[in-house]
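You will see two complexes here that share chain A, one where it goes with chain B and one where it goes with chain C.
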Partner chain A sequence: MMDKPWNNKAWFFILPVLALVLFSSVLPVMTVVNYSLQDSMGVNNFFWNGDAWFRDLLDPSTEIGARFADALLRTFAFSFAALAVEIPLGIAVALCLPRRGWAVGISLVVTALPMLIPWNVVGTMWQIFARQDIGLFGAALTGIGLPYNVTQDSVSAWVTIVVIDVWHWTPLVILLSYAGLRAIPDAYYQAARIDGASRWAVFVNIELPKLRKVLVIAVLLRFMQTFMIYTEPVVVTGGGPGSATTFLSIDLVKIAIGQVDVGSAAAMSLVYYIIILTACWIFFTIMTQLERRGDS
Partner chain B sequence: MLAWMAWTWETAAFFGLIAAALMILTLLAIYRPETPRRGILRFPTTRGDRFFVTLLGSAFIYIIWMRFGGGDLWYPLAISIAFGIAMFRFA
Partner chain C sequence: MRSTIAPRISLIIYLLALMLPVYWLINLSLRTNADIMSGMALWPHHPTLEKYRAIFADPTWVHAFGVSLSYVAINTVISVSVALPAAYAFNRYRFVGDKHLFFWLFTNLMAPSAVFALPFFNLFYAVGLFDTVWAVALAHCLFNVPLAVWILEGFVGGVPREIDETAAIDGYSFPRFFLRLFLPLIANGIGVTAFFCFMFSWVEQLLATTLTSSNALPFAAVMTRSYSASGMDWSLLAAAGVLTMVPGAVVIWFVRNHIAKGFALGRV
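Showing the complex of A and B:
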């Protein structure tokens, strides 16, 4: 199976990164594991608490368990909604972008602009944009008679958060898809033209299969970022109305920093972490398998 | 530093075991190199992959056990060990 011998000396080159990751990630995760099994009184006064935090968290009949189950469901729903819009939209826009000429540079730069704006600025922009009195978006929707109110109506709040994410991050999908499309050799299109294939057949049989690798990367990146969304809902809706847009990360911060409930928060972040780790591993496995199949 | 990280002997033992397992896997990789093989997971896995799947799967076994009101934690441990053996044998 192995084509070339591995030179394990290469590992020495990543040692500095490993050392950095040790301090920035591994030690904090270990601390979180330690916290998740103990109860704290005052500063640095810990008592062994066994698996009680995890049992509370995973039991939906307790207060924290119900909160966690709801927030988890909400976060999955949000990731799904955002992906369901961003991926098809991104591909569609990428197909429409010019392929040659002076317009390529301009359209790519304009497309990429939203990605350059920091999360909290995006949140603030949209918070004003969505206001009914002075915001163009909110005032326009109210003007045509739609019941739109970000602070009081949960549907409005949800739609707004999803639209923000679509506005902010569809460009990433567009750019990835565009790069993938440009990498398809012209010969494929010529062959399709000779066969008299329809535009749809070209898309389904040539473009989509060739885009598979970049789409896996796009889905992975978008899933990770939507699954840990924090800033936009905090700035625009504050997690409300009620707890309609309180996603996992927001709830986690509320418990850990708002209530200083370190044990509960640690247990919650570990379950959160396990889910993210699983998603990463699945995507990584799919990606490496695609690459291996592409080689042979 | 140890006080700041709130260590207990139980968590230290847990991470110690994982560190020891990684060390053993490294030594095995050096002295008994292997080629990935394809098993019930339908893609080629190495010892490291199977170890990772075992750990991740065990975490989910514990989570599901507690989610559905399971009692004593020795049962999920037994299930996890059985799962790990199955992974190393068939994956």
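Showing the complex of A and C:
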């Protein structure tokens, strides 16, 4: 796409978006930057605090630093666990989806439904579902003799949060992979059939390479979303037991709103945001590289 | 395809597992609390619509449902309409800073709500929009506008540039070309984009609850509040939960044929 005409008037087309995003993104971020450099004594009484919040935060020997390091580690572990299940499962289910016929529409609608449920309702649904007294999931696990208890046992809490995320977001991976699979021309499969290729060989040599681009997007979106997870664990476990499922977002809201410790919450927000931006930049670079290769 | 039996069965098992928690919620919503607490039942033995009736009879719930639908609608309209010209510009022209701008928009798609909750609260409080549907609609633009630009850019790219050039030669002014010729060509794309904006605005709750207190409280927030107030009315909670799934199910039914294409072209 090197032959696009150069035209700076195109900026006028961008202006409405720019105005809106300046208001809804830059303004709040600058507020956060402002808070992160100040300390407050009561309401609206701020003074300059320099980089002290950041030094505390990044030093694991301080209380807030240790807390931040723990939450960060937990969040990474959670992202990793969720992705490790969702990506293979998503590809597998996408391979099973029918390509034509009446079953396509209904399968897609059912698959996508979990993504359209408000996040706290997802939490409530699973809070009920995981209870031993009235929930099928909890009762079934207890019934087969597993020591399952979301509010008391941290392993149960972790498993539940990962299962919820898998339930909630594998559909995104499925739909992305399915779209990628549908873009493969039938001729490829016919050629493979003539060569007598096995199902596995077709997957590795035809389907997987064609899926690479959508899978990069799937990994990116899922990494970001799991890294920002908030609502579901808050509803189901409240971050507990103890702080076993207190992920970064949860800790952030606890510090900012629960403890009204605006300065360190803001510093934490910025570090958190910078991690996300870095990951975003890495993925974006990989993606544009893939696209360029696809064009040539 | 040699055998289609195994994939079919796996798919059916997956879809059933997916629907199990939903089914359980529906099951509980059709039973009374006394019935729920008296023991497990795989299906409601004495189904009753009592809780649904209670919700529809209570103005707080009905109002909240309207609130949720209106901020989602406002947000979808704003996001799609500002994103259309931008998507066109990004796809058709090169200009100073285009790549950086596109990346920057993209990063907003990934902005964690938790980081924005407090500054948004202050911002909307200061401009007097706190506790209105506009506050939530504008706050959700944070991620929905970049999302809309991103999806639409893919669809704009699917329209050959010759069409723009032919229209210019035929004497169409740009606005007329854009509105009369170009928009109908990407109608599917607009539909898919609107669907995704709807989806992300409908499901987001952290900002929606932070920016409202009583007048513009979203449906799902009334739900959370009702269970702290009345102890545990599981049956009512389940019924409300079931109702929050209805708009999503309706909307997705309309775009079911385009959704896979939307994912492929629009690279959501």
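Convention: the second predicted complex is superposed on the first by the 291 of 296 C-alpha atoms of A that agree within 3 Å, B and C clash if a C-alpha of one lies under 4 Å from a C-alpha of the other, contacts with A are read in each partner's own complex, and residues count from 1 in each chain.
In this text, contacts are C-beta pairs under 8 Å (C-beta built on N, C-alpha and C of every residue); 3 or more make two chains touch, one makes a residue touch a chain.
Note that the structure is a prediction, hence the values are computed from the model and not measured.
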| item | value |
| --- | --- |
| Partner chain(s) touched by A:L37 [first = chain B, second = chain C, both, neither] | first |
| Contacts of A:R55 with chain B and chain C, given as first, second, both or neither | first |
| Contacts of A:L175 with chain B and chain C, given as first, second, both or neither | second |
| Chain B versus chain C as contact partner of A:A66, first or second or both or neither | neither |
| Of chain B and chain C, the chain that contacts the larger number of chain A residues | C |
| Chain B versus chain C as contact partner of A:W281, first or second or both or neither | both |
| Contacts of A:L22 with chain B and chain C, given as first, second, both or neither | neither |
| Partner chain(s) touched by A:L146 [first = chain B, second = chain C, both, neither] | neither |
| First (chain B), second (chain C), both or neither touched by A:T111 | second |
| Set of chain A residues, in rising order, touched by both chain B and chain C | 8, 27, 31, 277, 281 |
| Residues of chain C defined as touching chain A within the complex | 2, 7-8, 10-11, 14-15, 18-22, 24-25, 28, 36-37, 40, 42, 78, 81-83, 85-86, 88-90, 92-96, 98, 101, 103, 105-108, 110-120, 122-123, 138-139, 141-142, 145-146, 149, 199, 202-206, 219-221, 223-224, 227, 234, 237-238, 241, 244-245, 247-249, 251-253, 256-257, 259-264, 267-268 |
| Chain A residues within the chain B interface of the complex | 1-2, 8, 27, 30-31, 33-35, 37-38, 40, 44, 46, 48, 51, 54-55, 58-59, 271, 274, 277-278, 281, 285, 289, 292 |
| Chain A-facing residues of chain B, complex | 3-8, 10-11, 14-15, 30, 35-36, 43-44, 52, 56, 59-60, 62-63, 66-67, 69, 73 |
| Contact footprint of chain C on chain A as seen in their complex | 4-11, 13-14, 16-18, 20-21, 23-25, 27-29, 31-32, 92-93, 95-98, 105, 107-121, 124-126, 128-129, 133-137, 139, 167, 171, 175-176, 178-180, 182-183, 199, 214, 217, 221, 224, 227-228, 230-231, 235, 248-250, 252-253, 256-257, 262, 265, 269, 272-273, 276-277, 280-281, 284 |
